[in-house]
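Note that the chains take the letters A, B, C and D in the order they are written out, and that residue 1 is the start of every chain.
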Amino acid sequence: MIASCTSFITSVAAQTTAIGLQPGETDSATSAIVRVLWLIPAIPMVGAGLIALLKQPMRKTAAGLAIGGMFCSLLLAIAAFAHVLGTWGGGAPTREIVTFNWFSLGSSSLQLGWLLDPLAAVMLVMVTFVGLLIFIYSTGYMAHDENFTRFFCFLSLFAGGMLGVIIANSILLLFMCWEIVGLTSYLLIGFWYHKPSAAAAAKKAFLTTRVGDIFFLLGIVWLFAQTGTTLFYNNGAGAIEPASLAALLGQPAALGLTAATAIGLLIFAGAAGKSGQLPLHVWLPDAMEGPTPVSALIHAATMVAAGVYLVARVYPLMSAGAQAGGSTVSLTVVAWVGALTALFGALVAVAQNDIKRILAYSTVSQLGYMMVGLAVGGVAVGMFHLITHAFFKALLFLGAGSVIHGCHDEQDVRHMGRLRHSMPFTFWTYLCGMLALSGFPLFFSGFWSKDAILGAAHSWPVSKGPFVLLIIGALLTAFYMTRQVGYVFFGTWRGHGHPHESPAVMTLPLSILAVFAVALGVLGTPAWPWFASFLGGSPLAFDLHAFAEPGLLPLMGFATLLVLFGIGLGWWLYIRKPMQRPTHAPAHLHVSEHGDEDRDEEGHEYGEMTDVLESASPTVWGWLAHRFYFDELYEATVLSWYAALARLARWFDSHVWGALVRLVSASFRGLGWVNRSMDSQWIDGAFDKACDELVTSGGVLAWLQAGRTSAYLRAMVVGLLILVALALVVGTSTGQVRL
Amino acid sequence: MISGIGIVFLLTAALTVAGALAAALLRNLVHCALSLTVTFAGLALLYLQLDAQFAGFAQILVYIGAVAILVVFAILLTRGAGVQEYRSYGSRWFGSLVIAAAVFALLTWAVVKSLPAGGAIAQTPSVTVQSIGAALMSGYVLPLEIVAVLLTVALVGAVIVAMPENKAKAIVEKEGGQ
Amino acid sequence: MTPLVAFLIVAAMVFAIGLAIALTRRNAILVLIGIELMLNAANLNLIAFWRFGSKPEALTGMMFAIFSIAVAAAEAAVGLGLVIAYHRHSRTTDLEAMTRMKG
Amino acid sequence: MSFVTTLDQIFVLLQRWIAGFFPLWLQPAVGTILGVVAIVAAFPGIFALTTVLERKGLGRIQNRLGPNRVGPLGILQPVADGIKSLTKEDIVPLSADAVVHFLAPVVLVIAVFLGFAVLPIGRNMVLADMDSGLLFFFAIGASTELSIFMAGWSSRNKYSLLGAMRAVAQMISYEVPLLLSSVVVVMITGSLSTVKIVEAQSGFTGVFPHWYVFTPWGFAGFVLFTIAALAETNRSPFDLPEGESELVAGYFTEYSGFKFALFFLGEYLGMFSIAGFAITLFLGGWGAPLSVLGFVPSWAWFFVKLFGAVVFFIWLRGTLPRLRQDQLMNFAWKFMLPMALLNLLVAGAWRFMGEGWLRWVISSAVLLLAYVGLGRVLMRNQHLGARSYRYAE
């Protein structure tokens, strides 16, 4: 404790002597773009504030503000990106920071700040770009919602928070923006709060992420207590720079972990909560209750990536103390959790029927991939998959949205089909996304990013377990995506009315995203590892011999085979023979008379067509379809325990304390009686009266509880008096108090 | 034992204490409030003697100008103006007096024991209003903000509390409805 | 110049009287008055210590007093508001009668 | 020492000369006492003049002659009034709270007189140049409310009590904009000392003075300050507290004879002091209105301005009808307060926008827009026109 205090004080002193820069006057090293970097999150936030002031019917203004602000941020982000590109090639990642005093209490001052490095630059461009596209898409998708303006207000606020998370150079600032993001996610999931399911989902998301955030906060506080700074990088005085990392490694924490490991794990818990890792994934699928653009923006592209980004940001902390070729405890944990999540998500996704839920679970699984990539292959691997995934998953979600839009808000894949004719544009773009996600060889970004992860996992020294899990996950991914496409775009039309293609404002973003989903791959091929060397700041060279290195090509081939097998299996099961609407209608339903209006929200109207696998083995299917009964598990364990605890507390309160109170009151009543009998000799009406009051009030409750303020006051003062007198006397006698 | 007490000080101190005593002993509430203002004024004068001009005037402005008026209003609104407060010189009353006396004794004992009579006198500090303002805006800005928030909250809260229930409820519901 | 002790003793007197008011009087408003008096005594102490302190230019005590004046104002406002509300609710400002929290 | 400066400093020299007769250690005290005597002598004199001026002026406005019997043109009317009020019987109601009833006017007059201590009447002519003089003035002004309450409450008369309540409520409400509108000046000057404030306005560009009233925020502040001052002094149109038609004479209904005269005096002195502060804050204090008029002694300028202000007040009284209580409060809280706050912002912006015409345009535009907007909002459902009586029909 003392040590931490002293280290805190010294580091604070160091900070105050170090650059305490106002944003205005930074040192010459930081360039103009870095100094105005704060504008990138500020603009959308201000936009959100302005939109909040607008009236409901002012839709155009709202959309204009949101998109305009996002566009400005995009331009700034591109400028920042270009700036980083310009400084590339030093052999190490260039990092420019701006630090300013938030406030100072006495001598100590709390410093916040932002930074620009390749990692942040890439994320900035990705988030602003995808965000912009999704904003544009939303204008079409939400066109008929009467809370249009509110929607865009929340979206802008979210974008601001997310960008803040990206550029934050202080873990505290990051946490603030993190919470803004969480809040907006809550607001947007519950955007249609009149739907009870949506409201419940919003609550669930908020609370589940809270669980992670508490650990995160603990980590922050611990880190601050240990290093005395919340800044990541601060010219050597930062929290995750070698100096303080060494100190952290020196600090032993509980059960043989170093402080670094413990803090890393705490922070990872926060990340896991935000980006739906096992066991905190439960909120993510339910979050699909929100409007589809929200699912695309928040729960596929950006917010869930925030957790991954956080891990990448504190990577030095995570990997602190790793020997060459070795791993650290925290990284191992990350790897295993990620791998399990990846497999879990893929398994569950197989058995879902809601088009968005399938994508949601695929997101969960992909996030697992990213975590594994970070843990086993370093920042570049994980981040690369994050970027590519952001694009093609956004594409998939927007495509799904377009499908839902086209099928009159039908979300159940069993009630779709043959859409490739009615919505060809959506079909082709969706196909791009699907192939990218399932990692179709060579031409799709997903292939390269996922292959990098697999390769890294394969050569991971600690264990081959994650690799195996990921391999199975990859197979399943290809399979369930094919299954979904088969359900949605092939077979026969099993839905209502006539599906129609979506307006251009929705399809345009789709095409753009599709292009990126395909093209981004070239940035991360082993032969030309642009992304990795950009993040690493190392010079870039093109050589095909990279393929020749042992074990790479076989692995690629293996992965390719897996993918092809998965796709083939899916094709065999779901596309080969077109699926028909089941002819047998259950007794309680009559096909002909039922219109749209009287179907329950699941959309059951026909006898549910049983999935091929379901008929194959119902039990397994049941497990998958019920997501391994995770929700039920929590229902049975955490919640019920909590309720039991509450009941126990209530019982204790009413019986034990109540009994005590009654006891006291009885004793005081006796006392009062004694008093009275004594007073009856003396003629002291006031005292008598006091005793009367005492008795009566004692009858109601304990005399202490009589609620006579003056009595309380008197008792308080007497107690205080005695204490102070004691303190003075004892203190003076022992010389601790010098009077 | 204590040397060098100015006559002005004695007068103001007497005024202050007398006012306080009157507030304690008078039976008419309004008289109590008025004598309280005398105490406040006396304290302000003491501040002035301590070269704390700003604090002194702030004291007058806040206490005499606002708090005293508020108290008087409260007395009138609670029909307390004319009534002679019932008082029983009962055991509790004496007990309270004893307690207060004990507190006073303790404090005085500590003071007299701890401080050398006729303490070292610092030269008149050169504290201008500018310096106070600068301090408020630089070193003490966070407390200032917090106090500002506190005052706002207290203002709104007092209004809501003192408002007739149904009205307050209506307003709260209207706000909550948004 | 009057020594510090004198100021402190005056402050002690005011504090004790305020305490006596808060303890003996039964009218809630008067109790509030007593509390105000105690606060004022504390302020007097603060300013006296500031004046006689080693370096008055630091303004610490003065600031403390000013802030506590502000807080006292807020406290008075809320307290009196409560008294008025309670009086409206149950026609009394007698602390002895204010024994129920239930409305 | 030139003649002009001598004339300008005549009173200061006089004070020094008289004080010169006393031993050195007494001189400061004597100087102060002389200043006090001067003030106590001068302003009641002005008060006497003002009463006759007001009565005659109001008479003219109301198309009658006003006092014209005592002395030539009724000039000696105040003397007669004084004698009358001194010789009249001093009635104290039986049930009244005698002590408080007596203290009230005394406290009022003392408080009001204290206010003049920090008023710079001329160059080097201020009784106490305090570092926080403005704050002092407002603190004193705050304590006059108490005396009014004492008067109203102690008379045990419902009219008095109502009047006092009205007065206190009104004074508290208008004290806020009064303070805020003068804070603007403090912000720009960077000092609470009245002398410094006047000196800050003593410059000239060309022949025109640097009075604060000639800046956008200054003008707004001046208007706000004047309105609030009218309300603070319970002058018409804010004279509800003593609205004869409603509550006889408000809080001094039960006062007669000398005490009544004291209240009367206190009211007018309050008006003088607050007008003096309006002059000090916005109208350049004792500064000459044109640089070429610099030869006129400073105190003369001050009194000329004061006279102008008083005439203005009288004119208003003769012209404007009385407000209703709700109108009064709405005006204070919904118009004056926001405008004053906005004015603070504008002044701050002005301080940091640097020289140039731009800041003039911006600040004027902001204030004008706010004025129009607030006015419209307040007037939205105020159907002006023939007044409708809810109960008496």
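The rule we apply is simple: contacts are C-beta pairs under 8 Å (C-beta built on N, C-alpha and C of every residue); 3 or more make two chains touch, one makes a residue touch a chain.
Keep in mind the model is a prediction, meaning the values are calculated, not measured.
A.B. asks: If we look at chain C and chain D, which chains touch each of them?
C.D. replies: B
A.B. asks: I want to compare two interfaces, B-C and A-B. Which one has more contacting C-beta pairs?
C.D. replies: B-C
A.B. asks: Taking the mean of the C-alpha atoms as each chain's centre, how many Å separate chain B from chain C?
C.D. replies: 5
A.B. asks: Could you please state the distance in Å, as a whole number, between where the Cα atoms of chain A are centred and where those of chain B are centred?
C.D. replies: Inter-chain centre distance comes to 51 Å.
A.B. asks: Quick check: how many Å separate the C-alpha centres of chain B and chain D?
C.D. replies: 29
A.B. asks: Approximately how many whole Å separate the CA-defined centres of chain A and chain C?
C.D. replies: Comparing mean C-alpha positions, chain C is 49 Å from chain A.
A.B. asks: Using the touch definition from the top, which residues of chain C touch two or more other chains?
C.D. replies: Answer for chain C, listing residues that touch two or more other chains: 19, 23-24, 26.
A.B. asks: Considering chain A alone, which of its residues make contact with at least two other chains?
C.D. replies: Touching at least two other chains: 710, 714, 717.
A.B. asks: Do you know which chain B residues sit against two or more other chains?
C.D. replies: Within chain B, residues 54, 58, 66, 73, 92-93, 96, 99, 103 contact more than one other chain.
A.B. asks: Where do chains touch, given as pairs?
C.D. replies: A-B, A-C, B-C, B-D
A.B. asks: Tell me, which parts of chain B touch chain C in their complex?
C.D. replies: Chain B reaches chain C through residues 2-6, 9, 13, 16-17, 20-21, 23-24, 29, 32-33, 36, 39-40, 43, 46-47, 49-52, 54-55, 58-59, 62-63, 66-67, 70-71, 73-75, 77-80, 85-87, 92-93, 96-97, 99-101, 103-104, 107-108, 111-112, 115, 117-122, 125-127, 131-132, 135-136, 140, 143, 147, 150-151, 153-155, 157-159, 161-162, 164-165.
A.B. asks: If we count contacts the way the header does, which residues on chain B are in touch with chain D in the complex?
C.D. replies: 28, 30-31, 34, 37, 41, 53-54, 57-58, 60-61, 64-66, 68-69, 72-73, 76, 81, 128-130
A.B. asks: Which chain D residues qualify as touching chain B in the complex?
C.D. replies: Chain D residues touching chain B: 97, 100, 130-132, 135-136, 138-143, 145-146, 149-150, 153, 161, 165, 168, 172, 175, 190-192.
A.B. asks: Spell out the residues on chain C that touch chain A in their complex, using ranges where they run on.
C.D. replies: Listed in rising order, the residues are 19, 22-24, 26, 31, 95-96, 98-101.
A.B. asks: Could you pull out which chain A residues touch chain B in their complex?
C.D. replies: Residues 103, 105, 684-687, 689-690, 710, 714, 717-718, 721, 724-725, 728, 732, 738-739 of chain A touch chain B in their complex.
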